[in-house]
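In the two complexes below, chain A is the common chain; its partner is chain B in one and chain C in the other.
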Partner chain A sequence: MLYKKYIKMHIKSSLEYKTNMFLLSFAQILVFVAEVLGIWLLFQRFDTVAGWTFYDSLLLVGIVMTTFAVTETFARGYDEFPNLIKTGTLDRLLVRPVSIHYQLFGAKIEFSKLGRIILGIILSVIAIININVEWNMLKILVLISAYVCGCVVIFSLMLVAAGISVYTIENLEFINIITNGSKELAYYPLNIYNKWLTRIFTFIIPVACFNYLPLSFLLGTGSIPMWLCAISPLLGMLFLIPCLIFFNCSLRRYQGTGT
Partner chain B sequence: MKNTYVSIFKMEFKGELQYRAKAISGIATQFFWGIMYICLYMAFMSSDSVDGFTITQMASYIWLGQSFFALRFPGIHKSAGYEIANGNVCYKFTRPINLYNQWFTEYLGEKLASTLLRFLPIIVIASLLPTNYALSMPVNFTAFILFIISLIIGGLLCVSISMFSIYLTFVTLSPKGTTTIVATIANLLGGAIIPIPLMPSAIQNVLNFLPFRYISDLPFRIYIGNISITHGLIQIGISLIWLLITIVIGKLLIKNALKKTIIQGG
Partner chain C sequence: MTKIIEFKNICKEFKIPEKRTGKWSTFLNFFKRKYKIINALKNVNFSIDEGDIVGYIGPNGAGKSTTIKIMSGILTPTTGECIIDGYTPWKNRKEYVKNIGVVFGQRSQLWWDVPVIDSFELLKDIYKIKDDEYKDTLKLLNEALDLEQLLPRPLRQLSLGQKMKCELAASLLHRPKILFLDEPTIGLDAVTKLAVRDFIKYINKVWHTTIILTTHDMNDIEALTNKIILIGKGQILYNGSFDTIKNKYANEKIIQVEFAKPYEKILLNGYELISHDKNVAVFKTKKDTEFHTKAFINEISKEYDIIDFSVNSLSVDEILARLYKEYELQEK
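Let's look at the complex of A and B:
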């Protein structure tokens, strides 16, 4: 299978620069640990925020970290899309008899993010053990769907960013605000923010659907109807549809940069 | 000789000024981030003040951090790291200038220019926001003067700490990895991830003995009046000592690294 070959190739090429790969992974993990330490320090001082404890918040972090790391590892090609356009690599990919999405998933695999995936999972497990939830089948399903929804939403954001770069050629800082902003924002329960911030990150970019809402369902808190919280990850996944349409439309407009 | 460094500085400064579009989107990012952090810490603080650190002071602290964003993050000059990794640095060996000084001025120029491009719009907009979210005026004129002095020392300290990334790049040949590691440590221990006044007091005491909080935490807290003038003066003295120590160690390390560098030809 072609995808297997892609993965093999990327592992081999990363291993060519072992120190670099090791240091990059270490650096990635350190950034992550520093962020979690920061959150821990805040909770050391203040105990709870809007009724959420450290471990409740840690599960938010776990979900956000794991899903971001998974998506960034495997869909890096979409992240690098402006570069593909600038260097003309995209033209080459488009003439190949394989779907563009297939190739973009194989274009670049960031193994230095693997450490983050593992740590994200570890944090999620620590949080799940420590939070006060009576587990049942439905709750487990909601939690799993939250992880899936996270990957889908983040991937959709990458699609939009890639689609925009067809017109602008440049990578826009503005998109980074949205992706990185939603990452930072989602470390804490969304209801602590301004109303308009919460609304943007629920209805326009459905970040709430893969952390705040499903977690309110697990914890049984919040003012939103429980059934809505439970199906929110499924609703969030619908975000992929307009994003995919946008990306494909943009790609149809693509004319190349002449390189 | 002095002229050399002045022109290196000028060159970097002018080069950075070319990126105006980058600066504008940078400002938007800083602004969004500022609002987000203020909302976040407000939710945590719930009551008006925590050990004398009020919500208005917190907002000012965040906005100062956003305005002087570039001055508080130790990194590495964009070309220096890659020069070392790909070996082009050897051309610099032939030039009759001290490489430490060159890297120091290059990076200082880059940082200063990107700060000057960004800080004013953020300060102006942040001052106009409704109370609790706004950047307030400095507590008094003396505090303002001390703020400027300590901010300059802090900026220099930030660059001198960045020089350790250059040394580590010589050792590991991985500029991105080492820079991230040094920057992350400095950010966490210097109050750029969570403001130091919001940390547990035991941790705050430990951080007083490390150089990192003198980069930005000290000037910001002098500005908002969280540190009195006399305490501020003493701590400015400490930060000067740290600046000296980090420069001396950095110079020794880089001298050592340059001695060990082997040019393999090619």
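Let's look at the complex of A and C:
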């Protein structure tokens, strides 16, 4: 399969720079330790934050970290889209008889983020073991769909960022504010934020659909109807549709202007 | 001869954002941009026969890259029609690009850190080339370009010329019907340049590949192409055989004369003096006059004592420079 070959190529390329790979992975671990430490310190002062215990929040962090790491590893090509335009690599991709999305997924795989995926999964497992939830089939399904939804929403944000870069060429910082901002914000239960922020990150950028809402369902807390919480990850995935349309329109515009 | 490429009334406009200058410029640019419209191609018409090698030439900024990008399906023209091998390039992109190979002179399609052969294997999968076909093609390319030593090495270790050889091979692995070459000989040394030219001719002969190349190296044109298309300011200025253009300027001769002793001032009836240094002078024939050796000797030996002289036609570069100049004048 073509994708397997892409992976093989990326592994070979990465192995050419072993030290670089090692240092990058090490830096990733440091960042991770700092993030978890921050949350742990917070719970040293307060037993619960907005009704959430340390392990509840840890699951939140686990979901966000895993899904961000997965998308950043495998959809790196979209992250690098402005560079692909600048260097003319996009032109190259356009003269190949393979869909542009397939090629973008193959264009870059960031192995240094693999460590973060593993750490995210470890955190999730620790949280799931210690969390006070009576598991049943539905709850397991909701949790899994939360992970999938997380990947889809973050990927959608990357699509929007890539699409905008067609118009601006430069990678605009405010895009990073949206993606990284959502990430930082998603580390804590959404009900600690003010109403408008909560609404933006529920209805415009559906971050709540892969952390706060499904977790409310697992814990049986919050004021939102349980059935809505349960299907929220599925609703959040719909975010992909407008983002994909936007990206494809931008690409068509690129073909019109050829910057 | 069947026509493989047809361009009909192709126009391409670009909207270029105009930058404001001044105190609040960055701020204002962010909210409202002014646009300037640039006509990169104005009503371009031409057709290319199957199996031709065509030189696509013109000064910088004439619209060459835009045309190549339209032909390879990367850009959509503003208006007009283009049929290549039965396809419209920017529609059914995936189907169409199976038939073409593209080499952009200054950017690579190969992986920087991975042995070249691995990049080839990836292309094999991308183009879904059958095993035995791939083997045959690789063998042929290998023999023609002498790639044996290069294939196991990563691209970053190769010289510019070696890279270009690998690029050419990579773009031909799927045996395209049409090959677009954007400045294939740029920056290459003399030996590699000749090798690349021979290879292009060879491919054209064995596979009957139609080749369109842009270049600024006029020797490429002379050595390779049987037809040129000259573009300037977005318009086709000339489309036809290169020999016709050469013949047009065949009458103009450059005559270099060596005198027995230095002369202070040199004047010669019917000839234009271009340069004069001590006992060497260079003349040019005046427009619309034919050069006769006997008449020239008679004329010059009346007053001057000459030892030697040589007669040259305009070089290919000079002819082209002349052409560019002529057409620019026409536009005014």
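FYI, the second predicted complex is superposed on the first by the 254 of 259 C-alpha atoms of A that agree within 3 Å, B and C clash if a C-alpha of one lies under 4 Å from a C-alpha of the other, contacts with A are read in each partner's own complex, and residues count from 1 in each chain.
In this text, a residue touches a chain if its C-beta (ideal position, glycine included) is under 8 Å from a C-beta of that chain, and two chains touch if they have at least 3 such contacts.
Everything numeric here is computed off the predicted structure, so don't read it as measured data.
In the superposition on chain A, A:228 makes contact with neither chain B nor chain C.
Comparing chain C and chain B on the residues of chain A they touch gives the larger count to B. Of the two partner chains, chain C is the only one that A:6 touches; chain B does not reach it.
With both structures placed on the common chain, the touch criterion links A:30 to chain B but leaves chain C unconnected.
Within the superposed three-chain model, A:95 lies in touch with chain C and out of touch with chain B [touch as defined at top].
Shared contact residues of chain A, touching chain B in one structure and chain C in the other, are absent.
Within the complex formed with chain A, the residues of chain C that make contact are 14-15, 66, 69, 72-76, 78, 90, 93-95, 97-98, 100, 102, 104, 107, 109, 111-114, 118-119, 121-122, 125-127, 154. Residues of chain B that touch chain A in their complex: 22, 25-26, 28-29, 32-33, 35-36, 39-40, 43-46, 50, 172-174, 176-178, 180-181, 184-185, 187-188, 193-194, 198-200, 203.
Residue ranges on chain A touching chain B, taken from their complex, read 19-20, 23-24, 26-28, 30-31, 34-35, 37-39, 41-42, 44-46, 49-50, 172-174, 176-177, 181, 184-185, 188, 192-194, 197.
The residues of chain A lying in touch with chain C in their complex are 2, 5-6, 9, 12-13, 16-17, 87-89, 91-92, 94-99, 252, 255-258.
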